[in-house]
Amino acid sequence: MFSVTVRDHMMIAHSFRGEVFGPAQRLHGATYVVDATFRRPTLDSDNVVVDIGRATEQLQQVLAELNYRNLDDEPDFAGANTTTEALAKVVADRLAARVGEGLLGESARGLEAIYVTLGESHVAWASYERPL
Amino acid sequence: MFSVTVRDHMMIAHSFRGEVFGPAQRLHGATYVVDATFRRPTLDSDNVVVDIGRATEQLQQVLAELNYRNLDDEPDFAGANTTTEALAKVVADRLAARVGEGLLGESARGLEAIYVTLGESHVAWASYERPL
Amino acid sequence: MFSVTVRDHMMIAHSFRGEVFGPAQRLHGATYVVDATFRRPTLDSDNVVVDIGRATEQLQQVLAELNYRNLDDEPDFAGANTTTEALAKVVADRLAARVGEGLLGESARGLEAIYVTLGESHVAWASYERPL
Amino acid sequence: MFSVTVRDHMMIAHSFRGEVFGPAQRLHGATYVVDATFRRPTLDSDNVVVDIGRATEQLQQVLAELNYRNLDDEPDFAGANTTTEALAKVVADRLAARVGEGLLGESARGLEAIYVTLGESHVAWASYERPL
Amino acid sequence: MFSVTVRDHMMIAHSFRGEVFGPAQRLHGATYVVDATFRRPTLDSDNVVVDIGRATEQLQQVLAELNYRNLDDEPDFAGANTTTEALAKVVADRLAARVGEGLLGESARGLEAIYVTLGESHVAWASYERPL
Amino acid sequence: MFSVTVRDHMMIAHSFRGEVFGPAQRLHGATYVVDATFRRPTLDSDNVVVDIGRATEQLQQVLAELNYRNLDDEPDFAGANTTTEALAKVVADRLAARVGEGLLGESARGLEAIYVTLGESHVAWASYERPL
């Protein structure tokens, strides 16, 4: 199995509901360093997993929809805690949709899975993996 | 599949038995940077994999049992080389026991696997993964 | 010249005023990985720059005053952009005050300078250095 | 499942054929930071996954065959793009062959899989995993 | 003293002349992870060291002049070894020229020094610092 | 001013005397990731700060004198706490002696300073700088 990963980041504000979150129930924020991994069993005719230029560009566009925002105000997340693990799924699902729309190129249709990791600090990160 | 990882570290002394270890047969030591990853297929009602505060606290307690010690003197490891890979299993098993005891919270009972990596330097690390 | 550095982090929300900031004029947030460096020309009688336990504890207390907060609501920063470089100075000045109050131990009075770096992402960070 | 990883690097020149590569069609180069991971379900009698000294040595020898070279001139890669993902497979396959030849020690025959990651920058890397 | 650093990278081919370089006399290549640090004693009226957007953009443009190239073919470097330390000076000098031309903004004229680090691997890097 | 840095590591056991050290008064250990930086105002005729091959080799030899040892048993350190900051000075002084003996090459006599950082974990490190 082959994989390629590209890294970018976003900076957002949010707050959490639930006593388990302690002080994180207050409005605060995070830098998420985002690693998007694309997997497939064989390489395409160019010997790549995915066009790394397009992968980088599409990841940037997915993050631009969230970047520099207060996620508490985003209708998409109304009523849900935007935890690191939940946001990893949001990014993975949106990238998967773009693969489906052909935005990562025709050969990207050979991808089998996407794996997204969001690093919230030097001591904590979360991931979500899904098939394509 | 979702996962959350928390990082901590411990500093121990030990020695190895067996010619394969060369100079590491002498009493020496290591800083282990420890990454504990918790996995589950769906998030709980708070939208988390595990209460990250409790996960951090329990990892710290597991490491406190080993930290600032000469592992050659620990009865638990008598007769066994405390290699990086063997210690990864020790940490994973002890965390798994704490999950079973409910110390990471009730919802942590939904966890399916634990994955522990011990970094011994900038050029070597070892891992152990086990189901829950 | 000797130095010792300890690392911790904080997660805050804020917004910036000024066209130069573009989308960062919106309410967003950041994880700051904070490195606090203490410098002195000679070691104390224990052979240390500073009691690393106390340094870690005091850094944590300084960050606790900012952590999980919307800095736009903090009276201390009214009318000022809480940029990464400005916050580096805030942390350094508050640590310096604590050195002066003896909170890092008597021998910490031998410190000559403090250097604080705030990492806002994997591609940007800022620092402030001041004498003691 | 246990694993052990060792890290080394190589510095090569190459160029790519195909419009998808844009400016990377020109002769350029890369530092690849190479992580070779060895996996097995149980430890050997020394409590290790693999003799880490031999693993490090064999990885270094595999990389020495590629290091400080223009890969466009290597007959092994004639007609194929030496992308990061393709080179990850080359390194994994050559390590696997050395395991088969007994160069990582007799007990290394208990290894089940090899996983190789090549980091080409702080924002992009690629991997290949294969059974043994 | 304040500073701000931005990170980018470039991927080049080159060779060195001189027996001291051993196998690096052959045509090979490198990824350079480039950290450009800007220093000044006081912040500007926006509370920044430099417009980080412009700093990132100008660093990218300086690197674009070198990226995806065989430096052995660049007239600018004819007769000189393009070592990591020499390239750190090239990047610093070109950034300094852009500061002088006002490309980092008017307030960037308050900068006092530039410090550039080029990381060539996980175990080696080089820097050059110059006043403005 | 130019600089070049090379990285290596060592793994040692030791204990500290003094109540300030708390549990670190027990026999424990550490991995030290060691960065040795060499500084000079101008490059030599090969366009380098120092022969990086020799620098790497000499750092390795300095660390080999300490590596895989219990520093409590080393006569050189009798009666002194082998703290991270104290060991940074030991490494810097021993490298400086080797520069003086010509072991880093004739041109290394143009070096002006050595700066050594020992990382003891992902959250703590110490440095020592000295002239040559």
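Letters A, B, C, D, E and F mark the chains in the order given here, with residues in each chain numbered from 1 onward.
Following the convention adopted for this analysis, contacts are C-beta pairs under 8 Å (C-beta built on N, C-alpha and C of every residue); 3 or more make two chains touch, one makes a residue touch a chain.
Just so it is clear, the model here is predicted, and its values are computed rather than measured.
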Chain-contact steps, minimal, separating subunit F from subunit D: 2
Angle (degrees, nearest 5) of the CA superposition of subunit C onto subunit E: 120
Distance from subunit F to subunit A - Cα centre to Cα centre, in angstrom: 41
Distance from subunit D to subunit B - Cα centre to Cα centre, in angstrom: 27
Overlap residues in subunit A, where contacts from two or more other chains coincide: 7, 122-123
Complex contact set, residues of subunit C against subunit F: 1-8, 43, 46-49, 51-53, 56, 105
Touch list for subunit F against partner subunit C, complex: 16, 18, 20-22, 80-86, 88-89, 122-129
Touching residues on subunit D, where the partner in the complex is subunit E: 7, 9, 11-14, 23-24, 26-33, 67-70, 120-123
